[in-house]
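Naming follows writing order (A, B, C and D), and every chain is counted from residue 1.
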Amino acid sequence: MNMKRVYYEDVRFFTSGVVFFWFVALLLFLAAFPFLFKNYYVYVANYIAINVIVAIGLNILVGYTGQISLGHAGFFAIGAYGTLVLMTKAHLPFLVALPLSALVAALFGFLLGLPALRLEGPYLAIATLGFGMTVTQVIGRVGFFGGRQGLHAPELSIGPWNLSTDRDFYYLLITITILLTLAARNIIKTRVGRSFIAIRDADIAAETMGVNLVFYKTLSFALSAFYTGVAGGLYAFVLRYIEPEIFTLLRSIMFLSMVVVGGLGSIMGSVAGACLLSWMDLQLRNILNIPYLGEWLKTLSQSFFSITGVSNIQFILYGLIMILIMLFEPLGIFGIWIRTKKYWKMWPF
Amino acid sequence: MMKKGFLVFLTVAAMAFGFPFSAAAEEGVTDKEIHIGQWGPQTGPAAAWGSVARGTDAYFKMINADGGINGRQLIHHMFDDAYDPAKTVAGVKELQEGKGMFAWVSGVGTAPGLAVKDYLMNKKIPWVGPSAGSLHWITPPQKYLFAVYPLYEIEAKALVRYAVEKLGKKKIAIVYQNDDYGKNGVQGAAEELARLKMKLVAEVPVQLTDSDLKPHVMQLKTSEADAVLLWTSVKHAVMTIGTSAAMQFAPQFLSTSTCSDFPMMMSISKGLWKGVIAATFAELPDSKSPLMAKYKKDAFDKFAAKDERWGLFYYAGIVFSEPLVEGIKRCGKDLTREKFVSEMEKLKDFQGISGKISYKPFDANDPFSRQGQNQTTLLKCIEGGAAERLTDWMTIQ
Amino acid sequence: MLNFLQMIVNGMAAGSTYALMGLAMVIIYKTTEVPNFTQGEMALLSSYLTYMFLDQYGVPYHVVFPAALVFAFVLGCVLEFVVLRRAKEPNILGMIVITIGLEMILMGFVSWKFGADQKTMPFPITPYDSVVIGKVFISTLELLTMGMVLLLMTGLFVFLRYSKLGIAMKATQQNDVAARLMGIRTDRIRMATWGISSTVGCTAGLLISSIVMQPYMMWDPLLKGFAAAVMGGMTSLPGAVFGAYMLGIIENLFGGYISIEFKSVVAFAIIVLVLCVKPSGLFARHYVKKV
Amino acid sequence: MTFFEIRHLSISFGGLRALNDICFEVQKGEIFAIIGPNGAGKTTLFNCINGIYRPEEGEILFKDQQLERKRPDKVARLGIARTFQNIELFRHMNTMENIMLGRHNHLKTGLFHGAFMWGKRSFAGKEETKHRRRVEEIIDFLDLHAVRNQIVAALPYGVQKVVELARALATEPELLLLDEPCAGMNSEEKQDMIFWIKDIQDLLGITILLIEHDMNMVMDISDRILVINFGRTVTQGSPDMVQKHPEVIRAYLGEDMEVGSHP
């Protein structure tokens, strides 16, 4: 036994040189990404990055603290609308408006966390669902928020930099995403995150060890809402236009499936889940343009189904993938990753 | 200074990775082809509007079968955006930056359209006929955006005028979808009534998600309206009429062009639609107009899928792209975007299967320099879903 | 006063649909603890197929409707057998995601097969006829729906309490292992539960689709039914029905007297309030974990 | 000042009197055992002390502080830790993290410091390192090296019990409540556990309240014993005294008396 332990190794980020290498490689790739691919893919990357932030935030709540939320589109909306309203009506700079509106989202998260203290399972699901729908409907009906006409994002510039193109915005977005990912990972590894997990695994034991349930559960809601709020604020600038119908129950469900498919209680899982599902969400519309397969599907629809509804195949695929992952790997993509890693470690035995 | 270096770097990188910097002619135009893009929801809650894009597709195929325009074939790229602006933006960027579209046509929905409007306008890409009658397209007017769909206000005004002046109705109420579409209707109706020194007796908002319209009908009933405008989706229009019938409330119902597909409305409402008056922006499905007959025969019968229906939404796809085709035709062999815009501006009383369409030279202060159609016509639903024409094309400013 | 009475009746009429969906949710949750988001789409598929046989093949009502209920039962059983039973380590989140996935598949299938155009189900009675009691109107379709709710609720209640299968279902819910040791084939019980629930949902679907049919028609009734079930305690059949009628009436009164714009949201606001006071709904005892 | 005292404690659940007028005192540094048949109310007593249940009547005094209206986390803050009858570990954490959670009240890292744990010289980094050193001492003490980095759900039952003990020790309690620490252990593990409990008393000077069914062990290590049955005190006193009490003999040593004949 090595008696001179460096205890920091348990919590440090780069557990080995290999990890460090891949991290740097990833950073380099992300930095070079806009130059390697067309602008359209930069937009897709931006869209994915937004979902990554939400998925991580939601995983803090769902995966680590063990609460259900079907209302995160509400926080997303609060972040988006907050940022735009603060910028256009109060003339605050972006870098002030974004965290401010995320804090507003966090405040709402805290408020939603209060009734959630006593709720679980389907009861919590319906309460959060109600919250999400209420936010959307209220925003849609208040003229101040542009009603159903939505709001356009103003020109965005930070200091001397004008971030008007997808590419410019990409760098800002990706930086924020990486920082938030690392921050989430650090929070989970330290006292607050441990308390979250403790609450999930055995809440009464956690309480008798000194964890304040009220505080940490609401904190988890608030933190999760904060992440989602930041993502919402950024999303307003990815799309450059927001309207209430963007923030529907369907989006909340999509967020939740990203987290569950990616792997509950795993940051990397959230990233993977968000990448996979949001990429599919954008790309499945092209399914009929795939050579041969698309033609075959069209013929199939002509003879057995209806050609007018053929695009709905994307729903079938989407649902199928969700179910298959859940049935065969309850830990999601993260579980698959762990298993593959084990397999290669043991190889060739 | 930094910015410049960055740009140089970008250019070099772009060239290194082989970006298509179009040197020849105009983007999306070759000797043989013209690429036109379009989005439309084939899935999701608004999927019923998906037939607009399919109508355009059949129309383009018909033109190509007839030899194309000035020797060029129209290549139609349409994609499904599920009415989700994020997907609209994705699809537009992918097609525009990938294949390169010469212009965009139609495109269903206010929200998806607004999400891509700035992008298209900044790139100076023409966009003809957004399929939603919204003021957003023309306030402020955009040089490259040509609206076709008559404003919902115009329809509201025409309907109110008819109800008051021809039918002698005294109390007009409105049921409206609580969004842009509905509110434009309320505004139009209110303006017209103000002109006639009257007021709406009830304004009842309906939410897209409502599945029970009894409270709404009760409000109408309490207001004792004798004419009710329906500014809702098809589903809610049918539910309003049905619930009214069940509650033995029978005013004259008047609806927007959204619900002017009478055969469909008759079948969904189980016959209750009979007697409803609707405004519309195009010829009727069974119209005797030769152009309409040609479209039915050469576009629909030849190119539509077997389960497609020759309904309003379908040939709306033709209505919205007629001006585009006309504009391209007038450009002749030398097709550029600038020339296209100037030719479009010269359109005067152009009539396809809709009302007359005219544009004016671009004037940032005149929204109507980019609003093509200002005409509407009123129809009454009679037995069997057929329509009786009540008015000729009316022009309302 | 007349208006008030009318609103109450309207509320009950609206509540009846929610009640049917709520009942269907409760039956499954009672035995398997799955909040079934597929419920609506199971009914959707059954309704659309019914429509197909009625409208395109002209099969008469008295054949099609019973056949639809049988189909719904089989569909429920098949989904349970093929999908839900395969779930490893089921937890509530995983189940939610699986049922949502199923929901997407069924919805995709229906839209693919039938397109997105609005349709309407041919129905033996006109949904727009009404009965006048005093001066209060109620449509015949709604009377039928209310009747179905009462019938199904009492039927299910008696069935669960007195029939052998019903008692076995209860046993399965309370202690799966013990039930199995007593010779109950809990797998089959679960399957039957899904079947029964799907049949109840199908009834709701058929009634709704006599007005307007489109692929999204079951979303709102499903959510409201779910909300009603939660309000009633998620495990109680009368609770779900009571919750549904409460929701319908509150919605209508709110729409009539306060704000018609926020009518559809008020249901959820009330749910949250109720849950703040009674965390397990109105009719269920709050369960406290023991250490 | 008494170290720990319970006065006239009563609680009932739905008409059933689970605890009825329980009184006892615990001196600093002693091992005080509570015995009684299943369902006597021992765990309920612990739950009352912990703040999980609110007693209806009576007082719980710890170093002159009233506990009966305090939340569990406040009680923990005062220096009372416990283990559970049916293991309540954080199943998906490893041993080290489980014990680290015991350090919760001694750590200061909040959201902000946690998020900015960049490197070992940051606030959170330093704190984590420091406290892991403390945890390592406990791991040494209870001989848990082998399972240091294993997820606890996968550990054998006996080891899980030890981890629970370690977690409780990590809070640096003054009073430690052990709820059947030896239940389900084999004799070897039991020996270890007895050894550790004594060490905790002798070396760390922690007062221990113990619930246990193993009479030999209880008689062996306890300083004083409280016997309860049906929520009432039967007797209390030194092991020798308790052993001679007729009702205890009846309950534990199995004289020819029916269980049902209790008043």
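Assume contacts are C-beta pairs under 8 Å (C-beta built on N, C-alpha and C of every residue); 3 or more make two chains touch, one makes a residue touch a chain.
Quick caveat: nothing in here was measured; it's all calculated off a predicted structure.
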| item | value |
| --- | --- |
| Required steps from subunit B to subunit C (each step between touching chains, minimum) | 1 |
| Chain whose average C-alpha position is farthest from subunit C's own | D |
| Pair exhibiting more inter-chain C-beta contacts, A-C or A-D | A-C |
| Chain with minimal offset from the mean of all protein Cα atoms | A |
| Gap in Å, rounded to a whole number, between the CA centres of subunit C and subunit A | 31 |
| Mean-CA-position distance for subunit D and subunit C (Å) | 48 |
| Distance between chain centroids, defined by C-alpha means - subunit A, subunit D (Å) | 41 |
| Distance between chain centroids, defined by C-alpha means - subunit A, subunit B (Å) | 35 |
| Touching two or more other chains - residues of subunit D | 52, 84, 88 |
| Residues of subunit B engaged with two or more neighbouring chains | 42-43, 47, 50, 178, 207, 307 |
| Two or more partner chains touched - positions in subunit C | 108, 111, 115-117, 261, 264, 291 |
| Residues on subunit C engaged by subunit A in the complex (per definition of touch) | 29, 33, 35, 83, 86-89, 91-94, 96-98, 100-105, 107-109, 111-117, 223, 226-227, 229-230, 234, 261-262, 264-265, 267-269, 271-272, 275-276, 279-281, 289, 291 |
| Residues on subunit C engaged by subunit B in the complex (per definition of touch) | 3, 6-7, 10, 13-14, 17, 108, 111, 115-120, 126-130, 132, 137-139, 208, 211-212, 214-217, 219-221, 224, 248, 251-252, 255-256, 260-261, 263-264 |
| In the complex with subunit C, residue positions of subunit B that touch it | 42-43, 45, 47-48, 50, 178, 204-205, 207, 209-212, 214-216, 218-219, 222, 234-235, 238-239, 242, 245-248, 264, 267-270, 272, 307, 309 |
| Interfacial residue positions of subunit B with respect to subunit A in the complex | 10, 13-14, 17, 19, 42-43, 47, 50-51, 54, 79-87, 89-91, 93-94, 97-98, 110-111, 114-115, 118-119, 136, 178-180, 183, 207-208, 305-308 |
| Residues of subunit A defined as touching subunit B within the complex | 35-36, 38-40, 43-44, 47, 137, 140-141, 147-150, 152, 166, 238-241, 243, 245-246, 281-282, 285-286, 302, 306-312, 314-315 |
